[in-house]
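In the two complexes that follow, subunit A is the common piece, with subunit B as its partner first and subunit C second.
Then we have the complex of A and B:
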């Protein structure tokens, strides 16, 4: 037990540190505000809640930007009793996460759940998303296994619930599946954490002493503990042995939620993974082999299984598995990797992904509520002649995901390949060269399934008997503006990547 | 002390086996109670008095009662036929589990735990067994672990709100 004085000093330091948690405070206020507002306002509340939600996110974004600006150098520090670690890398990820959530907010009005009258919209939708974001913020900064686990669990529990928000049988089934898979992987991760604790005697990760105990002379138990721990992380990333849940869950959840899942929890966990990767001892190649194997297997599984999908959401689910493989390939080289290429890839992937999911919902609206399967790919036959703008935007999103110029996905892939090439020279490991070849080959393969839908829209005649539904003018204009902005972002970032590159290059992993 | 450890460890293992082998849900629930109590006893022997009490209160007192009530409310006519236990995938998973288990056993035996400094320090100090852990747990929760502690509040709020949301839909005409 600590003496009284020591406790007081400790509490004062916590009080001082809480100023650094400003963005999280704003998020918590948004969360509770939405909670109360949801109970308070009865009529016309959808848009009111939506604007509260978006307003809270904008406020969080502003506070995070202030934090980013105030802290360019000599900023790296532990705070809150070493629970969290603040560096430009973490703050940039937080900025990215809140940006992605804001995009989700703009996607929500497009979704069928938001429009349907008889299925009145639930305010819980908004604050559960905010809860996921709080968890993601803390995961991006966590330096303590307990903190990391709780934050990850906050993400998970809110996610399980969000999957069920279509409130139909399929959605409930998806939610239940997600809970079972998720609970299993969390349990494995906890077991790994308990082993790591037994091996080191501390939950505080990342300190020099901890790193040497774990990585310098690993025994079999170290490897087992780390693999158990990795199970939970790979589950959240939807990477190779733990990817089975992805297509089912993506198919049954509301599209904005899916777009959100495919970016925000993944990015938060990636931030954590990259911190771990920077601790791998640079001399030893076992870590390169292990991560490389998972990355390659993930790419293979995602890109090859995507071929046989006839549902657009399942196709995008496999595509996101494949993209997770590409992102993991960047972890390969430990502390020597090029941060800016990772961040650029993440941004380019997210914009294209959000555009794709926005269009999935817009097209589903055109196909109408009578359509039993609004997400089947065969619906898209010949729609290019009727809905020109949307179809072209879909083509752009797919081409950007596949990495074709003149879209930002191409620059991102190019950066990835050049980073891998540099690291091949640096580490002189044939393995990296093979990964490089395989990822180039697989992005070519991916082109075939990415073009599956645009092929249907532009080259096949329309055979559907059901006429397209006419959306309301407001919906139409809103959808067109959103689609235009996102498509332009894909083009502009290709021609002028410096807009974000300038900011990205300042980022350092502390 | 060692005798009691082995006694309770055997009891817990036996109860776990019973849990895995029992076919009826209510047998399963009661062998689970045995497992939880055995683990609580192991916590006591490890000097974690607070954890032992929490284990009994939360798991044996709360979770288990919930499980039993759940069984009572959802019990339907027993279907005891049609359970094919030795299917193909079960054999594969049994092999996998055995491999993993033997790997773990080997890893635990070969790991030189007694050489680790933090375990050596703990053995020298023998602090934990002499005083109750309750005051230090309370102080730690309010100082060092304040942030995780507060985060748990949000976590529970999310879980409760979500459970209520899902339940409310049962009364609507929609499917579910």
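Then we have the complex of A and C:
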């Protein structure tokens, strides 16, 4: 009877553990609700679907906050047969992920297709985003390679579909490219995982001992295995050398989806990577060299290539590659202040990025009426006098990404440099000092391309015919309010960074 | 003295920005009145501040120190940023100068025709951050103003400037931002090395109340705890306060910027030397010194007249001020050891600037290079580290502020009338514009160092300090004298070519009736500045009395006050 007992105990533990998955349950219910509602409602009820979507996200957010509060005073634990791990660290990342998704939800009504009510009436758009979010939630908690792979694939598959949502030739091409790249890197990662399993005999990576085990195996072999494994992670991060897909995909996918991609999967994967960083014994410099090299290469590629772009979405794609490099530079060492800076940087980057993509869509709608290429930068010529608020907001978003005070991006950059300096001090490795100098230098380079659009809007005279003043619609007011709120957030968080930092400080790093 | 005046100086223009922005479009032209009124109040306030300044004491005056950002960073400790402003002998003159120049600039902006709201909003933003730069005693606060100033300037040059203003403004932005990023690195090194002892004591429980000061015993206990790392790292409060950065005891013993630690990195330079050089580079870009000056002529040529006035009159001074206040005060030993480098760069700027000015065909470019040349004296004065030299450097900054504004106003006068600034296209202007020529003569002679005007006093004291200094070689001063001679050459030459002789202008340039003499508004500005430069030239003690104590304290920090 013993085996039977074990199964019962196991099932009981699963049942008990499922209470810990409350936020994920809420997301699943949202997913199903949207699925059913999509079949039920008339195609014109797009706002209803949207409200259901946003409502589900808000509910998830609330449940996640509750989980964060209970976590910070009670427990950190493995659950679901040691597949997942629950602690303040993971829950904070989840909170960030759902926050970013909620922002995406607010961006969706601005996209030209939503406004035109053509080609859009598909509930899939909403519930695929929810699916990505579920995947991201699981990645942030994953402690088991199988779980990690499944969650990552959930993100990937939903993403492939989302990229194609403009339903034109370009979008289809982008989607296909994405699938090919994605499948390739997934396969590489899977191969890496199988090697890792062969080397260590376990898929359970959720313990610091695992790191020591892996370093006892033959050097060349475990380097090979880890590099293959890294492929999948770097693909999601859009980091060198797996960044090639980014510009094409960003150009062809709908802007809200792009904004979502530039934040959510990256943050989820970073959570996983950071846990590794915090397990590495601080004397072990292999991690610093490997991550440092990728960070530097990613920064260089992103920031240097961005300058030559003449399409705003491609420019933002390269910018996000560059920013991923900066983010990776904070994962060099797994200290608690690295985590604080990383999260602060992520939040600051996301707000600015979402604002930028919201504006890209607002302007695209504005230009789109007589323009074949609504995303070309030259469209922005002299638009500052016509759309003053939006142009200033664009400037603010770009300056925040470039890290100019008094915007929150500057605080984030300050924390990034401080962290690198402190890490240099900690490890006494000149390599980190060079990364610091390089990242400072690249922020200067970055200013060149971040000012490309403001240069067009404010410095050049308007040449194309400006559409006649239309009566402002609901969408215009909505756009203005959203832009105003996000711009103010950039300013306010500079003057009062404690609003975010106080929450980050509650994270206890296991 | 009432301490709120400084905050008023900073926040008044900021408040005015909102009024300008909220102005309905049909009243856009009244934004210049708002600006003028604001700037007049600023001028008045800075005057009140100057008159009320106690010249006998060395302590900081009109101080406001309020906690602003207090960021917990886990085991890194906390990061404390204060709103900390005040004045002493070093910056009081510069605050007054900003009051004067910004007022002059606002009057000179009267003719701005398009996008008035935007122009004046940016002008006010810039004014606020310029003054903030001079009075901030918290490095973060300073940096905030320092970097924020670039953006309004970028747009003011780029949008309201000449044909190639896009290029000029981005060049200005990139150069200055490169400099300020160098400063940012040093700020990060510094604040992570420096501890705010009273705040740390408060967190560690050694002090109970925030308003009490640390007793000697408590301080010793605390320092022992910090330096043996027995204190909880969360309790350590890192400080951006530059007064604390100047004291050795506030440095963490294990920090690499500690004056006693000083590990060697980068082929023989110690980290403190690297930090000093980075600060120096950051401020030299702003000053600007050769070879980091190339943004200046472009920016000046493309900028509208009032922006040139402000740029030359007050923005360049931030470079000199920053070297004195930050680079020298925080790294005194390193600064003295690099004395010859600083003086050498100063002399290079003097000579190279003067030679370039000689070769320029564009009047505004000639004046821009003369600025480079004159600001070189500031470097020589600072590097001499003597009482005469540093006083002279401060005086030179004040005097050059007045004179360069005047020169750019004068260049603007001719440009307004003919849209041509080529020196060779004019001759004998005296017969057409006698008053204009008179003011040009005053400005030129004052700039080339004619005794009786302020320019002479500044350069004279700098050279006096330079010849007596034991920290720099004497030949630097000799070369600087040659620079004065070159200065006389290009000013007199230009005067002779443009204003004397038979009246002639290039036909394509203009026809004679357009060349009206200066109008009332220009009269007021030029007379105001001429009287000031003359008064300072005759009674230099007006300035020196306020700067004396500040300079004595500065030399004490450098450890050179005992020198005769």
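In the analysis below, the second predicted complex is superposed on the first by the 484 of 510 C-alpha atoms of A that agree within 3 Å, B and C clash if a C-alpha of one lies under 4 Å from a C-alpha of the other, contacts with A are read in each partner's own complex, and residues count from 1 in each chain.
One rule holds for everything that comes next: a contact is a pair of C-beta atoms (placed from the backbone, for glycine too) under 8 Å apart; a residue touches a chain by one contact, two chains touch by 3 or more.
Just so it is clear, the structure is predicted and the values come from calculations on it, not from any experiment.
Participant: Applying the document's definition of touch, where does A:202 land relative to subunit B and subunit C: first, second, both, or neither?
Facilitator: After superposing on A, A:202 lies in contact with subunit B but is clear of subunit C.
Participant: Is A:151 touching anything from subunit B or subunit C once the two structures are fitted on A? First, second, both or neither.
Facilitator: Touch status of A:151: first partner only.
Participant: Is A:340 in contact with subunit B, with subunit C, with both, or with neither (first, second, both, neither)?
Facilitator: Only subunit C; A:340 stays clear of subunit B.
Participant: If we overlay the two complexes on their shared chain A, which of subunit B and subunit C does A:501 touch? Say first, second, both or neither.
Facilitator: second
Participant: Regarding the shared-chain residue A:448, is it in contact with subunit B (first), subunit C (second), both, or neither?
Facilitator: A:448 contacts subunit C only, not subunit B.
Participant: Which parts of subunit A are touched by subunit B and by subunit C alike?
Facilitator: In subunit A, no position sits in both the subunit B and subunit C interfaces.
Participant: Under the definition above, what is the set of subunit C residues touching subunit A in their complex?
Facilitator: Interface residues on subunit C, with respect to subunit A: 69-76, 79, 115, 143-144, 147-148, 150-151, 155, 158-159, 165-166, 169-170, 173-174, 177-178, 181, 184-185, 188-189, 191-192, 255-256, 265.
Participant: Touching residues of subunit A toward subunit C in the complex: what are they?
Facilitator: Of all residues in subunit A, those touching subunit C are 335-337, 339-341, 385, 399, 404-406, 410, 414-415, 417-419, 421-422, 425, 430, 433, 436-437, 440-441, 443-444, 447-448, 451, 455, 458-460, 495-498, 501-502, 505.
Participant: Could you pull out which subunit B residues touch subunit A in their complex?
Facilitator: 103-104, 106-108, 110-111, 113, 116-119, 135-136, 139, 143-148, 151-152, 154-155, 157-159, 161-162, 165-166, 169, 172, 174-176
Participant: Enumerate the contact residues on subunit A facing subunit B in the complex.
Facilitator: Interface residues on the subunit A side: 1-2, 7, 10-11, 14, 28, 31, 35, 80-81, 83-84, 119, 122, 124, 127-128, 131, 134, 138, 144, 146-147, 150-151, 153-154, 157-158, 160-161, 164, 167-169, 172, 198-202, 219-221, 224.
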